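Next up: the structures, one after another.
Shared between the two complexes below is chain A, which pairs with chain B and chain C, respectively.
Entry: the complex of A and B
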């Protein structure tokens, strides 16, 4: 079915006037875009990192000013400095190092979660479990590593095997974190 | 593709397994409180015509 709208016929003068205002509008939009870009560049030049790091039970940092954050992710381990390119990544078990300033840095072990770096240089890390390195029990890690190895060998189907392998990977990351 | 994805698992399950392990590796005094986080419960109530429907026994 055809459905049309009947427009009154415009004479040439009216049409020209519409065209002129459209051109003006286009120019001012371009000007606005230039101003926004300039403001962004200026802001980026002096940017701090507003760093937020939390697990469901603890907030470790809330919009804190830090120097650098080292993160383990599925796309590799990487460091985040101010003005990092915006990014989304999923975490894998490993150590997050937060360089608060030149002298102090803190290390946490995270199980999994997500990391977001925004255009305004703010960074959010949301982890399912995030614990301070000093709270890790080395004995429990060693025992768990042996148990996980046995579980991989004992797994009867693909899914059980995959779950056991994930566990083994996690224990290996914990072991590496304690040693390193 | 990762091996666990090929086996039909997703990242939520991956995250769950790793989080549980990290909790088990906490020092003894913190471990007990953390273990409570392994389980979570969801209570769902169905509604019909603006009224909650009691769950079928």
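Entry: the complex of A and C
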């Protein structure tokens, strides 16, 4: 259980360090055309990353310019910088960190959803639920976690158990996000 | 003598008829007034519902635009009428809202033609849509859903619809969502959003430029975006429906008001005529003595 959560974090760090080194080492970057444009884009000052982040009931960002977004997905956590490779991914319960500029960053908890990075460098993150971390009640999370654990134990058939496990996974991620 | 008796007879009979007309008019007047009361309160209710729907539409619209972006950028070259095609018509259970339902129906008929091919299936969301589609496209109707439109649509409503579509066993290659796109309080456009199956997406021309795509990610992505787009379409159509109902009820109240005015005028005239006639009778009766 713990491994499942620790691993993506490692991935994230690896991905981050790759990106960081990619921007520094221009010589090695030139080998890959896409990364070259990414670096050029960055020197120009983070232009053209139209970032949209919404849940069905609220819009957090709409075609906004941000520096970097860290996203938890089922294929590992990763960071998105301007001019990222076009990509499709599915969100998993976890924390999205939006670095608006060097100084400020915001953290949101998301339950599930989708991430799209298009070739025009627009990024769309659509979450089923997205809540700013400061609005989460730790007490309610603990209660929810207990309830979800009870539901998993009480589940009679496979389908109910699978549904309860999804709930539990989400609460565990939420608990983890509050602690960390 | 004979002529006078006959003269006395005629007013008597017309007087009876006049009284009946007066009663009939007053009954009619009452009925129209009641109808106006109903349409007025319906207008008030849909005005309240409309303002809520419009408020909720704002985030849903950004959400929908985000969900649409990928499908718009995807260059799919599929022969619409060769492959299996699914039409999802989003409307609601309730009527009295102008041409909201029929305009979707007309758009669908314009797209599929009068005699649709058997590889086109239709899903009707909302009772009114079902009633319309059942008449002409009975053989193509895949399933129908109701209980839409009583309360504002939520994401879980959309998820239920998406789930039904995915679990019904019909393998579509491409799909289209038909719904009313809200423009302003007095106008809406019937528009469509294209949707593709996992198979179609993975055969698209420019899918290869997307990184790290595997079957699982694509399937999850497609399922989630189906629910998101249905949610967006439901929100748009709910807002258009309430605004259309508001406009329809307003003009109904106005028409009822005009009718009441005319009836009131006729009522007053008839009453005056009856009184005058009675006076003439009394006076001429007294004069005859």
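The criterion applied here is as follows: the second predicted complex is superposed on the first by the 132 of 180 C-alpha atoms of A that agree within 3 Å, B and C clash if a C-alpha of one lies under 4 Å from a C-alpha of the other, contacts with A are read in each partner's own complex, and residues count from 1 in each chain.
Here is the rule we use: contacts are C-beta pairs under 8 Å (C-beta built on N, C-alpha and C of every residue); 3 or more make two chains touch, one makes a residue touch a chain.
Bear in mind the structure is a predicted one, so any value in this text is a computation, not a measurement.
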When chain B and chain C are modelled together on chain A, clash or fit: clash
Which superposed partner A:111 touches (first chain B, second chain C, both, neither): first
Which of chain B and chain C A:128 touches, first, second, both or neither: both
Contacts of A:90 with chain B and chain C, given as first, second, both or neither: both
Contacts of A:75 with chain B and chain C, given as first, second, both or neither: second
Chain B versus chain C as contact partner of A:161, first or second or both or neither: first
Partner chain(s) touched by A:152 [first = chain B, second = chain C, both, neither]: neither
Partner chain(s) touched by A:119 [first = chain B, second = chain C, both, neither]: second
Partner chain(s) touched by A:58 [first = chain B, second = chain C, both, neither]: second
Shared chain A contacts, counted only where both chain B and chain C touch the same residue: 56-57, 74, 90, 112-113, 128
Complex interface listing, chain A residues touching chain C: 52, 54-59, 62, 74-75, 85-90, 112-114, 116, 118-120, 122, 124-126, 128
Contacting residues of chain A [partner chain B, same complex]: 56-57, 74, 90, 92-93, 109-113, 128-129, 131, 135-137, 140-141, 144, 158-159, 161-163, 165-167, 170-171, 174
Of chain B, residues touching chain A in the complex: 2-4, 6-9, 11, 13-19, 21-28, 30-31, 34, 37
Interface residues, chain C side, partner chain A - complex: 56, 58-60, 62-63, 65-67, 69-70, 73, 154-155, 206, 209-214, 216-218, 220-221, 224-225, 228, 231
